[in-house]
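Next come two complexes built around subunit A: one with subunit B, the other with subunit C.
Let's look at the complex of A and B:
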């Protein structure tokens, strides 16, 4: 059903007027969303949007280019620290500090891309893991970065607009998220995107056909790190405070889990994966409030999984959902979406 | 017509009055309940501190079973944030905007607390007893935030003072964690040394993730220190003592109140913690302090899970919330956030199982208007894991 019949159909950003209509409607809903919900849900939306940005960037690297990274929390940290320091110490306005910090992250991404030319699979995973862990150690030892004490994010002002609530920040964040998703969609459709995919499918064949591996592999790392840097810069203002211990290995693993659960090599998958896992991470503890089932799960947890009598069942449920998705639908949530579309295609006939 | 109108008005008034207590009540307070929240890491890197929130929960159960507070029972909402500030903020906002908390108690960790500090302050939602001795809570002071944990700086001063004046130590070295917690200890120690016209013979910093501490201990040994003050994690302190023993380096070790759970420390160090002097957060188990024994019997024995341990972290959850309960009692039946804050400000010389607590009317230039506890006393670990009290409670401002 997703068969493309000519070149122009393959490179167009929106496949039909129906898609354009639904996309426009979705944008409208997103912009009106804060008017109908409380500040908590706006915060959750901000949290999800930031994860969508970083996961979209990571999916470019993992899903489209076939590389791996367990160090994206490091790029995320560079973006967060870079933005806050450029604003607080160098007096940059937010809209300048954010891309500058992301460019620094992209620079580190480029450097990390160099060993990726000779490494792959688990070896590359270890190299990137080392990067992610080292960056937070270095940041923690530099006084300019606040050391282990951390840094407070200053208020954001754009002209006369002071963004001091989650709702105000939401409008900026959602605009940036949409722009970045558009940019990524466009990139994938260009010759650069096709070069990434060619490297993923068979790098030697790609090189034989004239794809410059050195250039495109490092570019994939740099673009992916740029996205993580932007997301990190925004994250600092969601929390209003950053310290090195926030950017842990677990964070990098969660980013990768979002890519895999959402669907490798799919932008829709990035959005779905980040949304689902963030939502579960924040909300799954409420599973204990469900009548009967909640009590049963709590007793199960207290009896078998917790030595202190406090339920931790939500993590077991969380892990089980991830395993089930990957086990039954290797293409992740995107695969489920494709199958659902196929199933309903001929409806109501 | 007139009669009809009056009837409608009467019904409307009756309807309004029937809702009166709720219409005018404070958020998180009903006729019969007070909703209080707390975050605490039950999973993740700081799960060892999870028993603070559990201790508070059991204490609140005991309060409820003994009649509650001014005719109201506490409804306690504790959630696991896994020591992840993004989840702390999400959980606090969800409970605050969903259920509506009257106030927040404790909350382990500096960065999780900082993620919600401004949110609570902007709404003037009371927060009592953050479970970290950070300067962030009181510098500058905030109207809604009442700190109970004694400042690390003061603890360090008390230990150094004791080492110099009572033990005659001349060569003092400091091993500290390179974070806000460690640096506060370092600042306090250096200030006290300066007051005695002395300097530290060595200052060794370490990162939380450092696992090989031999080079650090080597530096301490080279300095020929006769007292080493440790302002590090529980694990680091245990390792420093162990490596020192192996290197036949035997100064007097002193440490922060976070390592004053002697049975735990003796267990971790396999008995090497004997002789170490620490500051304390509260009265000691087995000291015969009547209120502590009462809590052990009526709170811990009755409500705690069977694997729970009666240790400092558990009853720290009681120490940090005792002043909050006192404030709720003093605020009376007409409980609002303003009346509660006024009641908290009226607390003077309050003594539970922790240090004496004193608050003052809010003064933005006086951090002690919101730093309630400024006392500690020093104890030494004995061979059986019990504590020998070395001093009385002393002021550590």
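Let's look at the complex of A and C:
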């Protein structure tokens, strides 16, 4: 169905006018939706958009280049702290501080990419995991970064526009998200993107064909870290307050879970995975408030489990989703979408 | 001088629990090449099971521990049978995600069932009973952990080297198709591997639980054990134990002489540097991939 017949079909950003129409419509909806909903839903949308940025970046590394990273919370933390510090201590404007902090994250990504050249599988997993834990520890000990007490994010001003509500921030965030997603889509369609995919499919063969593994693997780590850095910088302003305890191993695991649940090597998948898991995350934090299920769970917890630990059900839900996706649908939500599309294409025959 | 010796002793003591967790991970990796992130939580659920038997059912210590070990073996076998075996065309990333998923399920279950607060484990040896040799303190629990780690390592080493089942496990890892041709039921072998590994993990969990007992108690030993396993080469049993002791001692010396604040992360920094020099760990042969 998705067969490509010539080179230009392979490199074009949107496959047909229909797709372009729906994307324009979606962007329109995204820009107008805060006018009709309460501020809680705008906050949810902000949270989801930030996760979409990280997950897209991580998918470039995991899905397209075939590396594993359990340390993305580290890059996320560098972005968040970098942006806040540059704005509060060095007086940078927001639009300059954000890319600068993200470039620092990208630099660390490049450094982490160097050992990754020789490592694979569990070895790479432990190296990246160690990186993520180390970054959080180091940030927590440095006085300039506020130590364990954390830091307050200053207000964002762009020119004379002060963004002090969630809604105003939403417009900035959604613009950045769309730009970054387009850039990623473009990157994947170029020579660079094809080199990443070649490394994933067979690195030795890619090297034989003249793909510079050293350059492209470290580039994949750097770009992925850049995305995580941007997202981290934005996340600081959603929370308004950052502390080292936010950026845990669990966060890195959740990013990886979003990539896998959404679908490896697919941008639509990243968006779907991030949206689904973030929404579930926010819902399950107050699990007892969910109608019907909440009451039933409360009873069950009182009789058999402990009522204080009831919020931990979210771990069970996330774990089950991760296991189920790998067992039953290795392509993730994107795979489900592809199969549905295929089924309905020839309907009713 | 006394400080130095005390630090080394503490390092060996903490290294023993890393060694036990590392051993458990290596057993699974040796046979099925799955890096098992759920190891810590398998041990966690076993030690909470022991605590439940001791406090809620008022069992005496030794039958409760025997029941816990049986439970651990069944748990390991069940996880392999019900989840790992069902994975189609598994790759490393898929396996990592599955085991992390199992980890989260078990963690969520334990903290839902028992709550997140600190518990006390009615263990026959208290965490503060200790021997004093000269000016060196060492707690009885640490000695027990050390003995358990060395004993289990030797037993497992001999088991993999000489017993029929151990050889079958080795064969399964090296070439599972060939192993099946000569009549080894590889599925059953993998299940037994998970059972044994879960048992070793449960020993580690029980020995850690008197000092610290809450749902996140196994994260640090599990990650350090994993780090030791990677440093030792993922396949070598003596390698992982030596690496675990090295990590424990370096960690304590670093904490004592350089910076107590960065003590917990120094192991991971060492790991990254070791892996830069020897990508397959210190004690494993590096296999160059053939095209």
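Please note the rule applied: the second predicted complex is superposed on the first by the 310 of 349 C-alpha atoms of A that agree within 3 Å, B and C clash if a C-alpha of one lies under 4 Å from a C-alpha of the other, contacts with A are read in each partner's own complex, and residues count from 1 in each chain.
The rule is short, and it goes like this: contacts are C-beta pairs under 8 Å (C-beta built on N, C-alpha and C of every residue); 3 or more make two chains touch, one makes a residue touch a chain.
Keep in mind it's a predicted model, so treat the numbers as computed, not measured.
Peer 1: Identify which of subunit B and subunit C touches the larger number of residues of subunit A.
Peer 2: C
Peer 1: Between subunit B and subunit C, whom does A:115 touch in the aligned arrangement: first, second, both, or neither?
Peer 2: In the superposition, A:115 touches subunit C alone.
Peer 1: A:93 in the overlay: touching subunit B, subunit C, both, or neither? Say first, second, both or neither.
Peer 2: Once the two structures are laid over each other on A, A:93 reaches no partner at all.
Peer 1: Which partner does A:68 reach: the first (subunit B), the second (subunit C), both, or neither?
Peer 2: So A:68 only meets subunit C here.
Peer 1: Who does A:127 touch here: subunit B (first), subunit C (second), both, or neither?
Peer 2: second
Peer 1: Touching A:253, do we find subunit B (first), subunit C (second), both, or neither?
Peer 2: Only subunit C; A:253 stays clear of subunit B.
Peer 1: Quick check for you: in the superposed arrangement, does A:318 touch first (subunit B), second (subunit C), both or neither?
Peer 2: second
Peer 1: For A:28 in the superposed arrangement: first (subunit B), second (subunit C), both or neither?
Peer 2: neither
Peer 1: Would you sort A:141 into first (subunit B), second (subunit C), both or neither based on which partner it touches?
Peer 2: Once the two structures are laid over each other on A, A:141 reaches both partners.
Peer 1: Under the contact definition given at the top, report the residues of subunit A touching subunit B in one complex and subunit C in the other.
Peer 2: After superposing on chain A, subunit A residues 137, 141, 308-310, 312, 315 contact both subunit B and subunit C.
Peer 1: For a test of understanding, state which residues of subunit A touch subunit C in their complex under the given definition.
Peer 2: Interface residues on subunit A, with respect to subunit C: 62, 68, 114-115, 118-123, 125-127, 129-131, 133-134, 137-138, 141, 204-205, 249, 253, 256-257, 260, 264, 301, 304-306, 308-310, 312-323, 325-327, 330.
Peer 1: What residues of subunit B sit close enough to touch subunit A in their complex?
Peer 2: So the residues of subunit B in touch with subunit A come to 42-43, 45, 50-51, 54, 79-80, 84-87, 89-91, 93-94, 96-98, 110-111, 114-115, 118, 177-180, 182-183, 207-209, 304-308.
Peer 1: Can you list the residues on subunit A that touch subunit B in the complex?
Peer 2: Touch residues, subunit A against subunit B: 38-40, 43-44, 47, 137, 140-141, 147-150, 152, 235, 238-241, 243, 245-246, 248, 281-282, 285, 302, 307-310, 312, 315.
Peer 1: Which bits of subunit C are touching subunit A when the two form their complex?
Peer 2: 29, 33, 35, 83, 86-89, 92-94, 96-98, 100-109, 111-117, 215, 219, 223, 226-227, 230, 234, 261-262, 264-265, 267-269, 271-272, 275-276, 279-281, 289, 291
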